[in-house]
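One structure below.
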Amino acid sequence: MAGVPGSAPALELRGITKRFGDLVANRSVDFDVVGGEVHALLGENGAGKTTVMRIAYGLTHPDAGSVLVEGHEVAIRSPRDAIAAGIGMVTQHFSLVGPMSVAENLALGRASGLRLDLDAARRRAVHAAERFGIRVDPDARVADLSVGEQQRVEILKALARDCRILILDEPTAVLVPAEIEALFATLRSLLEEGLSVVFISHKLGEVRAISNRVSVLRQGQMIGTVAGSTDERELARMMVGRPMLGVERSAGAPAPSEAEPVLRIRDLRVDGAHGRPSVEDVSLGVRGGEILGVAGVSGNGQTELMAVLSGMRRPVAGTVSVGDLDLTGADPRQMTAARVGRIPEDRHASLIPDLSVAYNLVMERLDDFRHSGRIDERAIRAHADELIARFDIRASPDDRVAALSGGNIQKVLLARVLSRDPRVLVVSQPTRGLDVGATEYVRSQLLARRADGAAVLLVSEDLDELLALADRLIVLYEGRIVGEMSAQEADREQLGMLMAGRGRNP
Amino acid sequence: MRLSSISTRYPVSPWSTPALVLFAIAITFVITAGPILLAGANPIAAYAEFVVIPLTSQFTLLEVLVSATPILFTGAAVAIAFRAGYWNIGAEGQLLLGAIAAAGVGTTVGDLPGIVALPAMLLGGAIAGAAWALLPALLRVRFGIDEVVTTLLLNPVALLLVNGLLHGPWRDPVTGFPESPRIAASAEFPALIDRSRLHLGFVIALVVIATAWYVIARTPAGLRLRAAGLSPHGARFAGINVSRTLIVAALASGAIAGLAGVSEVAGIQHRLTSGLSPGYGYTGIVVATLGTLTMGGVVLAALFLGDLTVGASTAARSLGIPSQLGAVVQGVLLLTVVALLTLRRGNSSRPVDAGPPAGESAEHEPAPTEGAVT
Amino acid sequence: MTLLIDLLAATLRNATPLVYGTVGETYAERGGVLNLGIEGTMYAGAFVGFAAALATGSPLLGLVAAVGVGLLSGAVMALLTVTFGANQHVSGIGLTIGLIGASEFANRLIFRGGELQRIEPMPLINPLPDVGPVSAVFSQYGLTWVAFLLVVPLAWWVLQRSSFGLEIRAVGENPEAADAAGVSVPRTRYLALMIGGALMAVGGAFFTLALLGSFTLDIIAGRGWVCIALVIFGRWRIGRGVVGALLFSLIYSLQFRLQILPGFGDLPFELLLALPYLVVIGALALSGRNVAYPGAYLKPYRRS
Amino acid sequence: GTSSPSDSGSGKVKVFGAFATQIEEPWDGVIHAALEAEKAAGRIDYTFADDIGYAGDMERVLRQTSEEEKPDIIFGDAFGNEEAVRAVAADFPDIAFVFGSGGGPAEPNFSVFDNWIHEPAYLAGMLAGGITQTNVIGVVGGIPVPEVNRIVNAFIAGAQATNPAVEVKVTFINSWFDPGAAKEAALAQVGADADVLYAERFGVIEAAQENDLVAIGNMSDQKALAPANVVTSVTWNMGPTVKYVIDQVMAGSYTSQDLKDFSMVGKGGAALAEINTDVPGGLPEGLVADVQAREAEIKAGTFRVDINEGQPPGSTIAGG
């Protein structure tokens, strides 16, 4: 254990309780982190990790409990107080102002006098970037940056404030391995200077790699604190209360390579911001019974590729077809009609969060639930009951989707898509932010579709996921396919190089 | 375990809407007592005049319904558009266009019987109102241009159109006053009750509202409209043609606002006048919001504002309070109600998304670049 | 030539209240709040400014009073939309109804419907040296000079170049982010709305204190709504909003002059009158899509 | 139909005012002022409702008042509410309805009046024609309705009588208020060389003052607004009308009639306000005498000012 024995922890939370209505998000949670250590916080989706740390940072107000910094109780009414107390936080959802430059984002809230010295802010950004080894362009508009770059800006923003306690809420969710390594390297050097880090993640490997101690939350309650070196199975058991199973593609039975692809994309080109193409010259085919994995750092054209395949965006050039059907420029309705199932990365935005689970489940096919001109409520309900049971959605048909946890929202989307028995499945980041149990479930469903003969295109930034599920992999870099390989022969290092734009597959 | 907590995730506050409205009325009375005292009147008596007295005689009760009639239409019109996420601030102009059409049809139908004249007028008014709503709707879905501005700016243009007609071709040849000639007798809405001003328009308004309720709550089209309003992106993703839904909602909204114009011309004025609407279109926004965008709420809110309208003029007259107090009370009441309505959902951190119109509805627009993290 | 000079002078003069209103509304909206209370705020500014000037004999004190009522109006709007998180459309319309009603109510109580009262209005001033007939363009009210030489550059500087302006823009774009960065979202929005309200009220007071020296009913006559349009026309940029105000004012001023030219009298001038509105709509249509709204436009913000 | 004040107990006539606009609007303001004067004189009990508007509320207010308050007389303006007012009047024959109206009286109880101030407008026109040095005069009016048109036409006729070469530019601002627009319309006329301005609406005198020109007020004596610039005003006085009707009702001899004459110069219902010779540029020799001579002729009935209710020539509609 790091830190000076006997001295007070850098940050200590005592008896934090937080209720949302009758839901107890945190139940008398105690937590502390000492100088120079990384203390990881683990837990399933909805366990209360984010909530407790938002309380420490003043973004949420607790119903009970206190926050101590260096042993002294401090009143944290707002992030301003937290910042003054030396606490910095990188929130799970970005807290950046999109239309503003990186420098402006860094200057925000650091007012000293009325004048805004943007040059100084720019210099500070460059200086901080050098000091922490995080490369960013201070004049870039945040909205134009990739998600990974935005994450770097977030971290820089917290570090540039010279905080002594840094809370990182799932900071690696959008980073590639190399970036994660860089982040860890930065953290390690800062730890030596006495920084304390609270690290929230679902990725057990990372947690073990960086943490001195690990605490586990389950349903708002602190289950226990163990050493950072604790075995992954043990950590998982603490989180879910049961041992974890591995879901993997059964190595056998890949689709016959001579079969005709079901989903075929030729010379696809999609325009991005600033008129330069986001996707260029992309051609690929996915056969029935095959999972084609798309690897790449976010912001390299995956979003646009998904948008085209979802029918949300029209390509500038190229063709998309399923079987004999030309789907170039098809809209969502035509895609669905062609039995293309779509599960995009932004699941909140792809549902109607303020409508019920039951309605969301039939939203793509309302006309099938029409009875003499009106909505057939009874049929919709029966349909919902059936899917809720079949896909293990923890909700009732009348719940608003907005009130569900991330994993259950993903299951709603999954149920809506899979219940229609799609012939092609396009999926992006299907398990991002999900807990172990939900991740397992989603992956097994994808494999089941593969077994049923569907053509699956799987976009993911999680290499483990791609290697576990895909039969074949392609790598996208700056909108182009820079590598293709079968999953068996893929090796991480080579993939990492390709994703970073180094080396081209012959 | 988690299931049980999910279904009651949103804390239900002890404040029901009626309790809040009553509380708002009480606060309004406290705030406006000062001005009433300044005007030398007794606040309690004034409030009785405002709210209670109109409900105590058959004559005033019917007048409350008369006052409610136009804002039943415009309230419903605005509510439908808002439900679809289309911020139609142009009900005023659409109403005027409906009135123009009603006068146009009503003065030309001549000897045709009412059974022909009335439907022709209603149809004409609805089409005219919808036509006036079309341009902003097209600009919105084609170019992503904010309909708040375009619909708002078309209101004065519609009034100028009315004035142009009344100062030009439609000026009453008999009086020379800028009013159109009278519409044919067969084109007038009959009174519902003898010797009262309550006319057919009131019933039509209720029928329109009942229909709107049915469509929104019970039909696939209504569900699509709601979905488009709640989450345009999610709706489009599910294959709903959001642009078309918006245009249809805008046209329906315009048509209903147009009917308000027909109702005023055929039921009250019997001619086109430039003063026939003292801002019914804007009041429609108030009605729709007080009614929380539901059709039942619209009915209640319109009746309540009708009550206040009748009450304000009674109070001004019998207590000698300046008539502008009515506006003060309406304004303050509106503000206290919207403020207190926010208490209904406890302190939920995810308020109803009243996001900007912008281009989300446009086909094939770029996906958002931020916030992709879960 | 004289027509042109006269027209330019009129354009600056008639743009003045629009400039105050547009800049004020820009502040509110950049902070994330659509303030439809502008029409009422301008009206109240006109009335209170006049009443105070009449009572004290000083238009300057009238102006101070107008600023006061504008600050108050902005604070009420903030109370509703920031503290309570109430619907912004309705709050604004309610504020407008209430403020116009209250102004007219007070007008009745104070003046009892008697003869129109008048104050000595602020004079026209021309600080520039006389350069012949063109000088007439620069013979303007002090409030016009202040608007173009002080308020517009200062408002632009504060919004784009000061840390306070950065905070306003941040709370209007992404209040979560601003909050997490230690910016008080409510405080910033209150200030933006109050500054905006003060400017709107000055725009209204321009009519009573400078242009007319008297208060009459309906004195704002919808110009607040025009400002709402101009803000969006200007895409929430102060400079572009001011250009919009000048353009609108140019057409507005032009039509008065065109129609008294011989031969124009028989045209249906409603058409010409509708022109400023149609031009704004047309310009919006031409400027095409991608109107970038402030990210948090119309959205209340509350921590959990 | 007749009514007598006996039932009101106090011996005073019970009068109600029903105004479509607020009483701050000059037209209704004149009626209200006359009734206030009678009230101050102790002859009537007077209450009123204003800002009733044109959207149908007039009928309710009148019915409700007639039913509940049972006034002896209701004064008001019927413009824009003509049908409703007449319908109510027909249902309450015992109440004297005396309304500003473009139509005729109706048996038994509906009397009409109007602001027949074309005569002083003619006289003001004579003054303006004589004063102008540029031979351009400006008139800014509200809305070209018959009431306004005939005033403006008479003004033009007067101007032409003293100055055959005069050009009169007429702008209507298309609103009863909006003094900002009225002033801008006047400034545009000044820009087109007008040096005398007739202010049918508020906002015009201010333009004259700012440019050191001559202005003519309307409706009431508006000299106080700009003492150095207002040469005179075309005034309307409802006193004679109101007094006549009250006397009739008191005497129990009220009948419906057109009260037009009581709003004309002959009976003191219209007048040219005192002429202010101390205006910029002064007045030409003999002009005042000419005007006063014509005024005497009008009073004596030997000169008739033509009534022309068509939209004035060369006029335009403008404003905000």
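Read from first to last, the chains carry the letters A, B, C and D; within each, the first residue is number 1.
Methods note: a contact is a pair of C-beta atoms (placed from the backbone, for glycine too) under 8 Å apart; a residue touches a chain by one contact, two chains touch by 3 or more.
Quick caveat, the model's predicted, so the values are computed rather than measured.
When the interfaces B-C and A-C are ranked by C-beta pairs in contact, the top one is B-C. Centre to centre, using the average C-alpha position, subunit B and subunit C are separated by 27 Å. Inter-chain centre distance (subunit A to subunit C, centres taken as mean C-alpha positions): 45 Å. Subunit C and subunit D have Cα centroids separated by 34 Å.
Shared interface positions of subunit B, i.e. residues touching 2 or more other chains, are given as 160, 163, 167, 324, 353. Taken residue by residue, subunit D touches two or more other chains at 22, 174, 317, whereas all remaining positions touch fewer. Counting only residues that touch two or more partner chains, subunit C has 104, 108, 222, 270, 273, 292, 303-304. Under the contact rule stated at the top, the pairs of chains that touch are A-B, A-C, B-C, B-D, C-D. Subunit A makes touch with subunit C in their complex at residues 20, 54, 57, 59-61, 78-80, 82-83, 89, 91, 93-100, 104-105, 107-116, 118, 157.
Interface residues of subunit D, counted against subunit B in their complex, comprise 20, 22, 47-57, 59-61, 63-65, 67, 69, 79-80, 82-83, 102-103, 143-146, 149, 174, 309, 311, 317. Interface residues of subunit A, counted against subunit B in their complex, comprise 20-23, 46, 92-94, 96, 98, 142-144, 147, 150-151, 170, 173-174, 219, 272-273, 298, 303-304, 307, 310-314, 331-333, 335-336, 342, 344-347, 349-355, 359, 363-364, 366-367, 369-370, 373-375, 394-396, 398-400, 402-406, 429, 432-434.
Of all residues in subunit B, only 1-3, 5-11, 218-220, 222-224, 226-227, 230-231, 233-241, 346, 350, 352-353, 363-374 touch subunit A in the complex they form. Interface of subunit B with subunit C (complex): residues 35, 38-39, 87, 89, 135, 139, 143-146, 148-150, 152-154, 156-157, 160-161, 163-164, 167-168, 282, 285-286, 289-290, 322, 324-332, 334-335, 338-342, 347, 349, 351, 353-359, 362.
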